[in-house]
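A, B, C, D, E and F are the chain letters, set down in written order, and residue numbers restart from 1 in every chain.
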Amino acid sequence: MFYHSKELQYKARVSRPDARFARLMLEQFGGANGELSASMQYFLQAFACHNPYPEKYDMLMDIATEELGHLEIVGATIQMLLTGATGNLKEVAERGPIFEEEFSKEDFIHAGFANNPQFGVVSGGGPIFSNSNGFPWQATYINANGDLTVDLRSNLASESRAKITYEYLMQFTDDKYVLDTLNFLMAREVAHYQQFEAALEGIKPNFPPGIYQCDPRYTSFYSNNSTDEQPVRAAWNKGRSTQLDEEWNYMGDPRREVLRTQGLTELKAEGSPRTPSSVEAHDKKLGKRRAEEIRSSTPKGEQCWCDYDEEREPVEA
Amino acid sequence: MFYHSKELQYKARVSRPDARFARLMLEQFGGANGELSASMQYFLQAFACHNPYPEKYDMLMDIATEELGHLEIVGATIQMLLTGATGNLKEVAERGPIFEEEFSKEDFIHAGFANNPQFGVVSGGGPIFSNSNGFPWQATYINANGDLTVDLRSNLASESRAKITYEYLMQFTDDKYVLDTLNFLMAREVAHYQQFEAALEGIKPNFPPGIYQCDPRYTSFYSNNSTDEQPVRAAWNKGRSTQLDEEWNYMGDPRREVLRTQGLTELKAEGSPRTPSSVEAHDKKLGKRRAEEIRSSTPKGEQCWCDYDEEREPVEA
Amino acid sequence: MFYHSKELQYKARVSRPDARFARLMLEQFGGANGELSASMQYFLQAFACHNPYPEKYDMLMDIATEELGHLEIVGATIQMLLTGATGNLKEVAERGPIFEEEFSKEDFIHAGFANNPQFGVVSGGGPIFSNSNGFPWQATYINANGDLTVDLRSNLASESRAKITYEYLMQFTDDKYVLDTLNFLMAREVAHYQQFEAALEGIKPNFPPGIYQCDPRYTSFYSNNSTDEQPVRAAWNKGRSTQLDEEWNYMGDPRREVLRTQGLTELKAEGSPRTPSSVEAHDKKLGKRRAEEIRSSTPKGEQCWCDYDEEREPVEA
Amino acid sequence: MFYHSKELQYKARVSRPDARFARLMLEQFGGANGELSASMQYFLQAFACHNPYPEKYDMLMDIATEELGHLEIVGATIQMLLTGATGNLKEVAERGPIFEEEFSKEDFIHAGFANNPQFGVVSGGGPIFSNSNGFPWQATYINANGDLTVDLRSNLASESRAKITYEYLMQFTDDKYVLDTLNFLMAREVAHYQQFEAALEGIKPNFPPGIYQCDPRYTSFYSNNSTDEQPVRAAWNKGRSTQLDEEWNYMGDPRREVLRTQGLTELKAEGSPRTPSSVEAHDKKLGKRRAEEIRSSTPKGEQCWCDYDEEREPVEA
Amino acid sequence: MFYHSKELQYKARVSRPDARFARLMLEQFGGANGELSASMQYFLQAFACHNPYPEKYDMLMDIATEELGHLEIVGATIQMLLTGATGNLKEVAERGPIFEEEFSKEDFIHAGFANNPQFGVVSGGGPIFSNSNGFPWQATYINANGDLTVDLRSNLASESRAKITYEYLMQFTDDKYVLDTLNFLMAREVAHYQQFEAALEGIKPNFPPGIYQCDPRYTSFYSNNSTDEQPVRAAWNKGRSTQLDEEWNYMGDPRREVLRTQGLTELKAEGSPRTPSSVEAHDKKLGKRRAEEIRSSTPKGEQCWCDYDEEREPVEA
Amino acid sequence: MFYHSKELQYKARVSRPDARFARLMLEQFGGANGELSASMQYFLQAFACHNPYPEKYDMLMDIATEELGHLEIVGATIQMLLTGATGNLKEVAERGPIFEEEFSKEDFIHAGFANNPQFGVVSGGGPIFSNSNGFPWQATYINANGDLTVDLRSNLASESRAKITYEYLMQFTDDKYVLDTLNFLMAREVAHYQQFEAALEGIKPNFPPGIYQCDPRYTSFYSNNSTDEQPVRAAWNKGRSTQLDEEWNYMGDPRREVLRTQGLTELKAEGSPRTPSSVEAHDKKLGKRRAEEIRSSTPKGEQCWCDYDEEREPVEA
């Protein structure tokens, strides 16, 4: 169950109307890396944790709920940046200015509505759930795969993209109040990143993500698919791999290697501390353990999501 | 700012796993008329009311927030209907049953994952933000047009569609716990419908939606675009219109009429109590009034969304 | 079967080319609340009425067909607003003006194609089935749910949104001919609204939409999900509800209530004239009646959509 | 302006309800190559022809209008294939059969709604504007590029795809009435194909599509991007090209050629009857001619789409 | 398996940064008729040819692979047109120019990012997989129907649209280097068109596309769905049809004809050299032949896509 | 420029046709986390690296190109799993089996095409660029943000999701050849993960992603948005943060804190080694450095993407 308070988490202000920057800010309202994406992604991931990992559930729901509040901050800022529009659209008999201190309706007849016409002809001067190009938000932006070693990594990436989007946005306004708000929201992405990272580090093992440890013959070669004279040799294709500690097998001419090994089916594993049987044993053991964590927390037969213990005092919000 | 409590608003339960009904329930999770649509629609509409109509803002945010809780109920139910799947997907070395008491992995090899394969290969046994056909949720489902006489009507329609969807869903399960939950959620749509209706009735005038009263020549004719011998004459094309109280002008042969009147430009208004000048006067007056309601509630220049009055005691959630 | 005549229903004219307003008008061509949406929504809803409610079928098809004609008017206007573009794009060896009296190709090299580049590089100077932001029309915009008490309410909302969109559009042009056309199209939405309303009023009962009358315990409470000191009490949460005439049960602290009633499962109905058994009886009776209306109009076994009675004289269009 | 008659162009019938085939037929209702796509594509293309090429406009509108009627035939067939569903969904107190002679509600509880759950929980037993996988129709399916030498070729391809879709559909039903209808609709695609082809043949020159004749150095080489020992040499890379009658220049080793010619900038044209100056002259002349065709048919300044000549007798539909 | 070389097929250059034209060029990067569409369409069609038509497979893969290289050329050009942006976005403490020789950050605060804000706030100064209106590329743009007589026709249309898009783009830049590149890419579409045409001509019979020859009663009439006094009679509705050589049966009043023939079920074929039995015999024979071509090339039971013959020398790229 | 060889990188085989698993495998062909997404994401990211970070460009293009080959492997496997379909769809006069050893056409009339009807009525028995639910691939799946510290993190997440998808797929087939192929492809994701990780580790500093170091007041608090009696305290909200090494400031009652600090504007930073001025200095320095890396590698004025040095010998593929 959710509650709402009328105060925003951060004191969002704007110095003056600015429809153009309102358009840019849509990127964090209804865009791929915006606050709706963040909130809905963590909310969705939380369902699978509810029984087996209640402390991760708590964290995911805390952050999902905070992000909803950020969505509200972004929306409120867009609404304030469009101040003047809604009222003036109502006064149908007048051709006065659309924004305080800014454009007249006459200007708009020739200029369009500050490049996002839907502020004028759809939302009537408020935010829209689309990105800065007018593309509506969609759930393809979010990821939840029922495995925390995957989901938390998805979140590290999501927070990184949200952070850079705020960084870029800050290059396009000089309204100091708006910059303050962007500064706050950007910093929160960095906080969340570290929270997700701490949670991931607390899961052992967490690599490879999921259960299967994967075939050492195929985890350890680099395929040089470029036809260059002077191939690049660097940390990602020489020395040992970052996590599995296998020696990189550099295939300079992949086609020759593919022909030689019957489509890699006869490739030999070398330079790996892992063997097929060690991998298989690990897969079995880890699979059993994870399955057990989940099963033991879920009653058989009839299910109920939560209890309602009246003794517990309702806590203050 | 939002908060979350761990208890669901309604005590959601399931009697047994049922992946097929989980698939159908997606319609209310990530479908066009589902709870995410409802919640985001009212949340989005609320921004434009924040300053001028704070009591409508309160109502929209209350219902938006309650619907978020309904989204959680639907998601929790889907998660419970998929009980068994997540754990069994982890136990990679086994080919045991996927759901408690139900299908074995062997069955699934041949049957797919109860018709929504993404429960198996994407979400790993949890809900997905798509409809029952796997189409991801998108913001095209929601409407907010910066005018309460329009937005509240959009909401009446949305609640009607949500209600019928629950009604249909109830035909496809016999799990009494799930039926109880659907019964609860369906009834809430009917409550919300009446709440929105009361709010619309409190706005005077509210028809036509928006400001313009519209040209009486064109509001009062019915165009019979069917080539039938025995045209239907009924309440929608004879007698007087429901709101503007104009006599219906029935055009039995629209093309003849269009030719006769130079593309309707020479059509005469008849049977209407309204005249061009009464309409124009009304437009001006109403436009001025609505504009004033909005402008008077919005400070000029620098804007701040809310205040933070420490004297006020935080209220209990 | 459909026919087409070369005359537009309304005498659409433009005073001069105006690519910017052409872009805005796309909102009513390929936008969510535009004429294609309206036409296809009523056309789709009509199928379910064909057998049981032929007079509603006639009305839905009349309006769907008229809206197709409106789509044509909007498209023709866009085409005229882009006058000059198509021809000039053909004259590849010249860098003359793109629009009559307006921009030169040189201007366009620096300015883009009046903000919708696809007029230049995709449609070659004609309309596009997308909204004013270039997002293609999609069938997610339309609703048809196989129940007239729902579908007609969807239509009231659709007409309201279409009306406000024309109202907004009129703020962004001063071409008197275009304003005339918008004025005509806007007024027709108001006519259709009242036609659908008359049809809905003719169905008894029509609330709640669908069959189920819904649980009186859950139709009559208001959930205050805001943490405010001074909750708003108004027509939507005090007194009696608009349709079911139940006393509003105001839950000021929903979480406390939820805990007290075991997730609302132990909530008592109060202040309602309806009882569980009266509701159940009503559900059965209404369900039977509606089912009978549909079944009795549909032959068993082999089906044929219509007959071809040569005796009937073909009517004039 | 459009009209509608109650009779379908073809006498659509079904032998019995069949929800599974109804799902397949959606491909021609709301699918990429279905009747809505066809109708809207020709309708959209027609706008650009209205002034300069009225006879092509007539053909495009005739076929667009006929295709609308085909859309109606497909929708009517789907509605008939779902006979029984709508009525039974209304009878909420019963768990009788959903379809006449077919599935019981009990079956559906376990089986889903014949694989397209939206027939059950969204449309209430009617057609949906989506394809056989439930993906909503969208305007990305259609093409109109403001040039008949392109548009008519798009139509040849569209008709080909529509034809093969009907051919495939016929493999999946044995209902003789449905087969008759598919047989009719499939044949019409073949008729339309030839109509569009005749129109294209009447335009001279029509290749290359558009105006530019294109650089002979680059129209006449074949790039063998495969690393094969025995390259395929066939009509598409040896002898002369089909339309421009140039000798194919076969590049067996494109990278070597690219290096040799400074990224093809120094490639020489050979084997072509065309020269840079003949091409340029042709471009200029053709561009001028096409521009003139368009300009001469379009008045300058104020525009009106059509006239309304009352003398003309309305023709019979 | 694919390889990449660092050299572009064509020596792409730009004279100076130009964010506006970069936006237009997106149409060929992530637009409906752009290079990604072309490449993926031919790649997808190739799978069905792999066994039965290896020489067509070779051609489709050659062109698909070349188009990938064109995608790279377009992307590289966009990247160069945005020169200056990425670096300047990094220098967060400065408000210097965004592009070399062009706009300052201050300009952008007021002007948005050259109309595609995502160049600024999403891609950080690089290409985006969307069209010129910011709509993301999607696979609905491409067609593959498992039949070469259809697929090759789809390709003729695709190449035609790609050609006209380049033609239009050339009207909007005067950068001679960019024009050179567009000139090259446009000419290649014309080359590919002729390659596909040659391949289609080599398939006999290739009309109607697919197997079914279609009912002569329905392939040979023209339906005049316009209510015009002076119907257009032209090559597409008089004389004989282009491919099947049937006499066009002109239905001037389709509704009368439909009523007369019981919904066309009693229509007689006239003027066709084809008869029902000749058609049926043809269908059977052609179906058998095509099925045999496919079956004979595909082993029964276990399948392997290709062999790895080490004897064969790897060829030079 | 790209090349193709006819051999797949891995020797893909199938034991027998299996349309149901073909449907599941679509998830890795046209699904969000499939091979097309991976390939296009790295390809897109590479453009921004081309000048300043050529060794990262090489890595990104190598992996993008390898992933294209994986897309081909997945497509080939789907094609083989559908063996029998294409041929049988051609033999229109027969109602024999659709798949070798499997279903007859009669079965399909009642069962649909193994749950993905488009294999039957669209692709004619080949792969489709959509996911396992029939939703077409779209570019919203991919991310490229012009900053390697962000892009490489996006890639770590993408590889994690691709890996788990293969892991899940392996639970749904028992065809040992298909399992071999999945095993290979899954392992490659783990290899790529480590390659991207090594690249990220080589960039210093790489946290926070982008340039801005962010406000220490806001990077270091945890907001407990849950109304729980016993809040969870764990590594993500106590002790020090993972990267910036700041002491977590736990806000147990965020609303109280928000009111106390005027919407957090008066919050004090505590427990951080960083100060506003240290942060600002760092931002400036890092911004300058990154900008310089990019600028110094990009010539001013005219640009050319690559050179064509004929002296260099073409290398073997």
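Assume a contact is a pair of C-beta atoms (placed from the backbone, for glycine too) under 8 Å apart; a residue touches a chain by one contact, two chains touch by 3 or more.
These numbers come from a predicted model, not from an experiment.
Equivalent interface to B-D within the set B-F, B-C or A-F: B-F (over half of contact pairs identical by residue number).
Between D-E and C-E, more C-beta contact pairs join the chains of D-E. Our note on geometry: chain A versus chain E, Cα centroid distance of 34 Å, whole angstroms. Between the Cα centres of chain B and chain E there is a gap of 38 Å. Averaged C-alpha coordinates put the centre of chain E at 27 Å from the centre of chain F. The multi-chain contact residues of chain F, meaning those touching 2 or more other chains, are 1-9, 11-12, 32-33, 61-62, 65-66, 69, 89, 92, 115, 122, 124, 130, 133-136, 138, 140, 145, 147, 164-165, 167, 170, 211-212, 225-228, 253-255, 258-259, 262-263, 306, 308, 312, 314-317. Per the touch definition, chain F reaches chain A in the complex via residues 3, 5, 7-12, 32-33, 54-55, 58-59, 61-62, 65-66, 69, 138, 140-141, 143, 145, 147, 149-150, 153-154, 156-158, 160-161, 163-165, 167, 170, 180, 183-184, 186-188, 190-191, 193-199, 201-202, 208-212, 214-215, 217-229, 231-232, 234-237, 241-244, 253-255, 258-259, 262-265, 312-317. Chain F makes touch with chain D in their complex at residues 1-6, 89, 92, 95, 105-106, 108-113, 115-118, 120-122, 124, 130, 133-136, 306, 308-310, 312, 314, 317.
Residue ranges of chain B in contact with chain A, taken from their complex: 1-9, 11-16, 30, 36, 40, 43-44, 47-48, 50, 61-62, 64-66, 68-69, 72, 75-80, 83, 86-94, 100-101, 122-130, 136-140, 142, 144-147, 177, 211-212, 283-284, 287-288, 290-292, 294-295, 298, 300-306, 308, 314-317. Chain F contributes residues 20-21, 23-24, 27, 31-33, 115, 131-135, 164-165, 167-174, 225-228, 253-256, 258-263 to its touches with chain B in the complex.
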